[in-house]
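Okay, so subunit A shows up in both of these, paired with subunit B first and subunit C after.
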Partner chain A sequence: MSTPSGTKAQSVGPLSGAAIKDMLLAARLPIAIVVTLVLFGLVEPRVLSLGNFRNIAIQASYLAIFAMAQTMVILTRGFDLSLGYTVSLVSVAASMAMVAMGGGDASILYGIGIGILIAAVIGLANGLLIAGIGINPLVTTLGMANMVMALASTISGGFPVTGLPRGLTAEFAQGSLLSIPIPIWFAGLVYALLFLTLKATKFGRSLYIIGANPRAAVAAGIRTLPVLVLAYTLCAVLAALGALLLTARTGSGEPNLGGNLTLEAIAAAVVGGVRLSGGEGGVGAALLGALFITVLSNGMNLVQIDGYLQQICLGVIIIVSLIVNRDVARR
Partner chain B sequence: MLEVTGFTKRFRGIAALDNVDFSLNEGEVHALLGENGAGKSTLINLIAGTFPWAEGVYRINGRTITSLTPQVAQEIGIAAVFQEFSLVPDLTVLENIFLGREQSGSFFLKRRQMRQAGTELLDGLGFHLPLDEKVAFLSRAQKQMVEIAKALRMRPKVLILDEPTASLTDGEADKLFHAVALLKARGVGIIYVSHRMSEIRNLSDRVTVLRGGKRIGTVVTSEISDEGLIEMMVGRPVEQLFPSIEHRPGAARLEVQNLTTQDHSVIGASFVARAGEVVGLAGLVGCGRSELCRAVFGLETIEAGTITVGDKTIARPSPASMLANKVCYFPADRGSEGLAMARSARENATMSSLDLPALSAGPVLKFWREREVIKAPLADLALRPMAPERKVSAFSGGNQQKLMLARGLMRPFDVYLFDEPTVGIDVGAKVDVYNLIKSLVEAGASVVVSTSELPELINLASRVYVMHEGKVVAELGQAELTEAQILSHYFGGRA
Partner chain C sequence: MSSEQATMAPLSVAKPTEHRSSLLDRFLMQGGIVITFLIVAVVATALVEPRFLNRLNLTNVMRNFALLLIPSLAQMLVMTAGGFDLSVGAVVAISSVVTAAVMLVGSGYFPGMEIAIILLSLVAAIGVGVLVGLTNAGLVASLSLSPFMVTLAMMSVLMGIALYFTQGIPIYGVADSFITGVGRGQFLGLPIVLHVALVVLVVCIVMQRFTALGRHIYAVGSDLRSARLSGVATGRTITIAYVLAGILAALTGFLMTSRLGSGQSTIGGTLALETIAAAVIGGVSLRGGVGRAEHVALAALFLAVIANAMNLVQVDSKYQTLVLGAVLIVALAIDRLLLRKRQA
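Then we have the complex of A and B:
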């Protein structure tokens, strides 16, 4: 009676208006990515060049790995605020190990081993403090972030660690396989592994149940301690993987490598649709979120928007997508 | 006094309320009855101004109201006490009662006046509450009283009570009934929503039954039988609420001796549950019967005592180990402890069964077999709608309860612990739960039911243990199971 247009739309064709709306909402992020690319492309054609696409894909790979790592703990209603500084510490510690081992290509494995080990210890400590003793994730990982940051600055003296093996910085970092750059392979690999973990393991399912309702998980007989410890450890180890890839690209161990990464990774996951309240979302969402943010900042760089203005735009986008995601989840 | 006609409300195109008429007289208690999703909540929310109605006429005291907000509703004398409390836990009883309506002079609050008014209000209702206690420290029943007092400080003409006794024990509920009678005598009209037949019978003058958003009928309470009301509500005759259970007590399946929890909510409790029987745990809310079940399942820390399942003594129970020992527990509060609301029905049905060989091999979850595995349990429980991929939060209360019960049907258990199995679910779903208990027991399982519903204890159990202040104070055999017998032990007396 009051909405004749609504009934008209429903009777047209096999797809009702509501069904099309649902489909558009489900695909909102891919649509946003394409629209953003096209809009920036209209102002600056270089945005749409093949070379730039390659650039975007490589840049997004790093962020995607960090965002997927965060997703593993955000799903459990947690956070890892120490992720960024873990990246810094792994970068300098692995670099120093490689330099100390002579800086030859044989030292690369030592660096990787040390980096992963350090991250595993950080993640394990986070997990045990949060799940074992029951300290709030925010406080735990914030404290850990401080310690890790101090450690990274202390051991490096605050200066970049140079003299890394060429095998890492040149051949590996610039390399590609089947003409796809190495970082993209790693992001894809991490995505595939985590996707399977979430879908086809008891651990993955437990993450969702714990995140959706931790008390119900306990009452259902799910052992939350090992699940949470593993989640935080996995998050830190994946951060270390990203840190090693970034270190290879920059060519030196950087004590300031991860400063902004913590929040960027959380933002990417949340923009993608991973719910901060836990139990909803997936690594695919984190991947898309990372791609969207990268496309946006790449576009803003190419059309030469001022750096601070870029930050403001990013902030607005994050808040807007949070509101959109929340409203979609409520439907 | 209050009259609505042709009330209609649609949510996303679906009519939650369809052309419903309702009227309320001064000094009348008018009960609203219906299954979950029948439209009761929608109707009272429209009357209270929570959201606007699409079609219909709203008249109060001869005045026609065209639009309403909760604030305007309060001003024209309509107050509502919903199931979700609107109290601020960190404020005191007094502060909560006058929240948003503080009486103040030019600058400072008139504390003494407010205190006096608050005392008068509570005394008038026969409620004894500590005015300066923070609401967070009150029992649920006391919070309910504060909520009612808060609703009444505006001297409303119409009071809406939405399942006010859902989590009260009988003793606490009596106080509420007393207050309802007082208000009625003062000429307040009361809209009373409840699932409990006995309350509707004792309190109400008229009953309006809703089903599927439509008004099925309005009847004078004294002129209709319980069976008649249930038939109106579910749309078909229901022979009986409780099935007759054949108890064949066999070997002891669960034996608890001198159990004391760390927080002393249970002190030295002992009981035994045998195969083929239903054992009831009775007592006031807070008497320790819930905590006893939780402690057995490993959800409360145990200080002393032994728990024996079959012939195995379990030193430190945990939910995982108890499930492995074939003990299943259904929490009282499905929202806070039973279900992962944001996840699908499928994931909730399997969440306590991920270790089953049918569902996993080592760390691998056989997600491709999940739908097959849950098919029979969900069909047995008659889940409506049968939509395993739908989020649990999108199901009605009764069907959410079924989804929680599904975990008990995923594999055979020896012992089932039910804590308040029918809180807040409609009659149809209650019958389903009772029949489930019957089939479990008659298949040889041992069932423990902790409940504040006396009829459930009398009709389902073969033996009942009554608890008071953490201790088991009485054990009653089937011959002694009467309301009077059970109640006589509620306050610890040895009658």
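Then we have the complex of A and C:
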């Protein structure tokens, strides 16, 4: 930023200073992740152990799913502030459904079905209010967040739902396929599907166009209503998937499961470089952002930094990355 | 009437079709929806639960109204300037902690000088508000970052600070005269906090209608570039809006401490939602440039009345959050649909 503005013109050779700088900036997040790991590793060697890398990968896959879900609506200049509480509600409702069906392994599918269905209804309502009636996404999902939070704590009475099928935790949290843990598979699968959707489908391209310029999208003949409704429904359903995986991990339905997730998911997407003004970024950015935030909180946990101080750090990191991403976008 | 409307309408929303406006249009533009909501809520509550009209209960409603009105006006100031403030609740929490901490420490150094200590704590709380407002404004205006993200991050930072220093435990040792004088005190039969809130309201109304600052805030909020081109000091205007919002939020934290009798880092959790609800139900546009203090006041009163009504008929507090969310969405949906009908 302090370099003179003429640097761009000088970048002719492949190894000129400006070209290297561009490369470093493009890879700023992987670099930040490695630097963070090394710094925490100097204080606490356990950070760099293989077992901890595995932990980080598993933890990051949950956050990555939520961040990628959030990205689908942020791309359209939208927001889903109800994501966190949708996670809570799905966790509680799916658990209650499984318990009601006897708590055997056969009830798992039933619980999954109920959870996805509830999320789809929430996403559909969000999408219809935003795209159909034209209420601001922020206020719509803020109002929705309160309703969903109230429902989650009411139907559960505020207590965890216990007595879940053993198979749920055994398969979906502790299980692994080809020696890769199941949650990582799911995050990878969601990434692959969304990546292809954004790159190769009409729906995916429509999201970018609506986000970049809503009027141009209408002029180009894009029917924004079905596209936006689908985007919000997809976001909520992916949140439900993450909620079910998290429920499998805790082994109970938790009404407080999603309290901070809305903030963390948005933070991960934004830190990764998804632009809040819409039309820029992708699920890869959300994935990297989620990994960075997980590495950071994992490191802070291992060197035993107070939880409230971690909250302060998260806020500062968000602001710093906003500034960095803005400067990169300006170049 | 028409001339009055012309002076009332900020320069940004003066529409060319205004002379054809029907009676319904005029009613809607001047906060008709909020007034209707408010009257329906008051009448319905009074019919269902006559205790609503008890003097004691009405005093209670007025106190809650006052403590919602002040931060809602803060939210309105930032929103009309084209911004957004999710950190309102966090500023309330941290200034409550600062107020109580200053009183606790101050009473050790200057025993018996309660009024001086109370004033000192007010200055300290306001100082925190100014600092937060300056930081928010610096990031939003000078670095042109998203107000939503900046204030969200600020909320995380402030809550973290407040909770770290108190570990979530209330700070006691607040001066007695502060609780009896300010928190429970009355003047002319009305709560002191209501008087404070009404003074703030009047100042806001006067500022919006009669001062250059008020006009500049509308101009900056409705179109930043044209405002800059027409010579408005945009950066300074946005900064003043955020700083004023910080001051009002800090004042709320100060007053809430007098009500609670202790400094609490956990208050203000739902205030961001409630103030945004009051502002948007009161007709403040999320795109900036539109919004009037008196309509926000009506909306805040409406929210205070329905919260009280639900308490009186003993609705579970969890359902109250549900109703607040639903009211927010329904109010905006009605607003949108009526607007669409008018434009059709």
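Please note the rule applied: the second predicted complex is superposed on the first by the 315 of 331 C-alpha atoms of A that agree within 3 Å, B and C clash if a C-alpha of one lies under 4 Å from a C-alpha of the other, contacts with A are read in each partner's own complex, and residues count from 1 in each chain.
The definition used in the following text is that contacts are C-beta pairs under 8 Å (C-beta built on N, C-alpha and C of every residue); 3 or more make two chains touch, one makes a residue touch a chain.
These numbers were taken from a predicted model, which means no experiment stands behind them.
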{"item": "First, second, both or neither for A:G134, with subunit B first and subunit C second", "value": "second"}
{"item": "First, second, both or neither for A:K199, with subunit B first and subunit C second", "value": "first"}
{"item": "Partner chain(s) touched by A:A150 [first = subunit B, second = subunit C, both, neither]", "value": "second"}
{"item": "Touching partner for A:R215 - first (subunit B), second (subunit C), both, neither", "value": "first"}
{"item": "First, second, both or neither for A:L39, with subunit B first and subunit C second", "value": "neither"}
{"item": "Residue contacts with subunit A in the superposition, subunit B compared against subunit C", "value": "C"}
{"item": "Touching partner for A:I319 - first (subunit B), second (subunit C), both, neither", "value": "second"}
{"item": "Touching partner for A:G279 - first (subunit B), second (subunit C), both, neither", "value": "first"}
{"item": "Contact residues of subunit A, present in both the subunit B and the subunit C interface", "value": "277"}
{"item": "Interfacial residue positions of subunit B with respect to subunit A in the complex", "value": "13, 297, 299, 318-320, 322-323, 329, 331, 336-343, 347, 351-352, 354-355, 360, 363-365, 367, 407"}
{"item": "Subunit B contact footprint on subunit A (complex, rising order)", "value": "6, 199-206, 208-209, 212-213, 215-223, 275, 277, 279-280"}
{"item": "Of subunit C, residues touching subunit A in the complex", "value": "84, 139, 143-146, 148-150, 152-157, 159-161, 163-164, 167, 273, 276-277, 280, 286, 316, 318-322, 324-326, 328-329, 332-333, 336-337, 340"}
{"item": "For the subunit A and subunit C complex, residues of the former touching the latter", "value": "79, 129, 133-136, 138-140, 142-147, 149-151, 153-154, 158, 263, 266-267, 270, 276-277, 306, 308-312, 314-316, 318-319, 322-323, 326"}
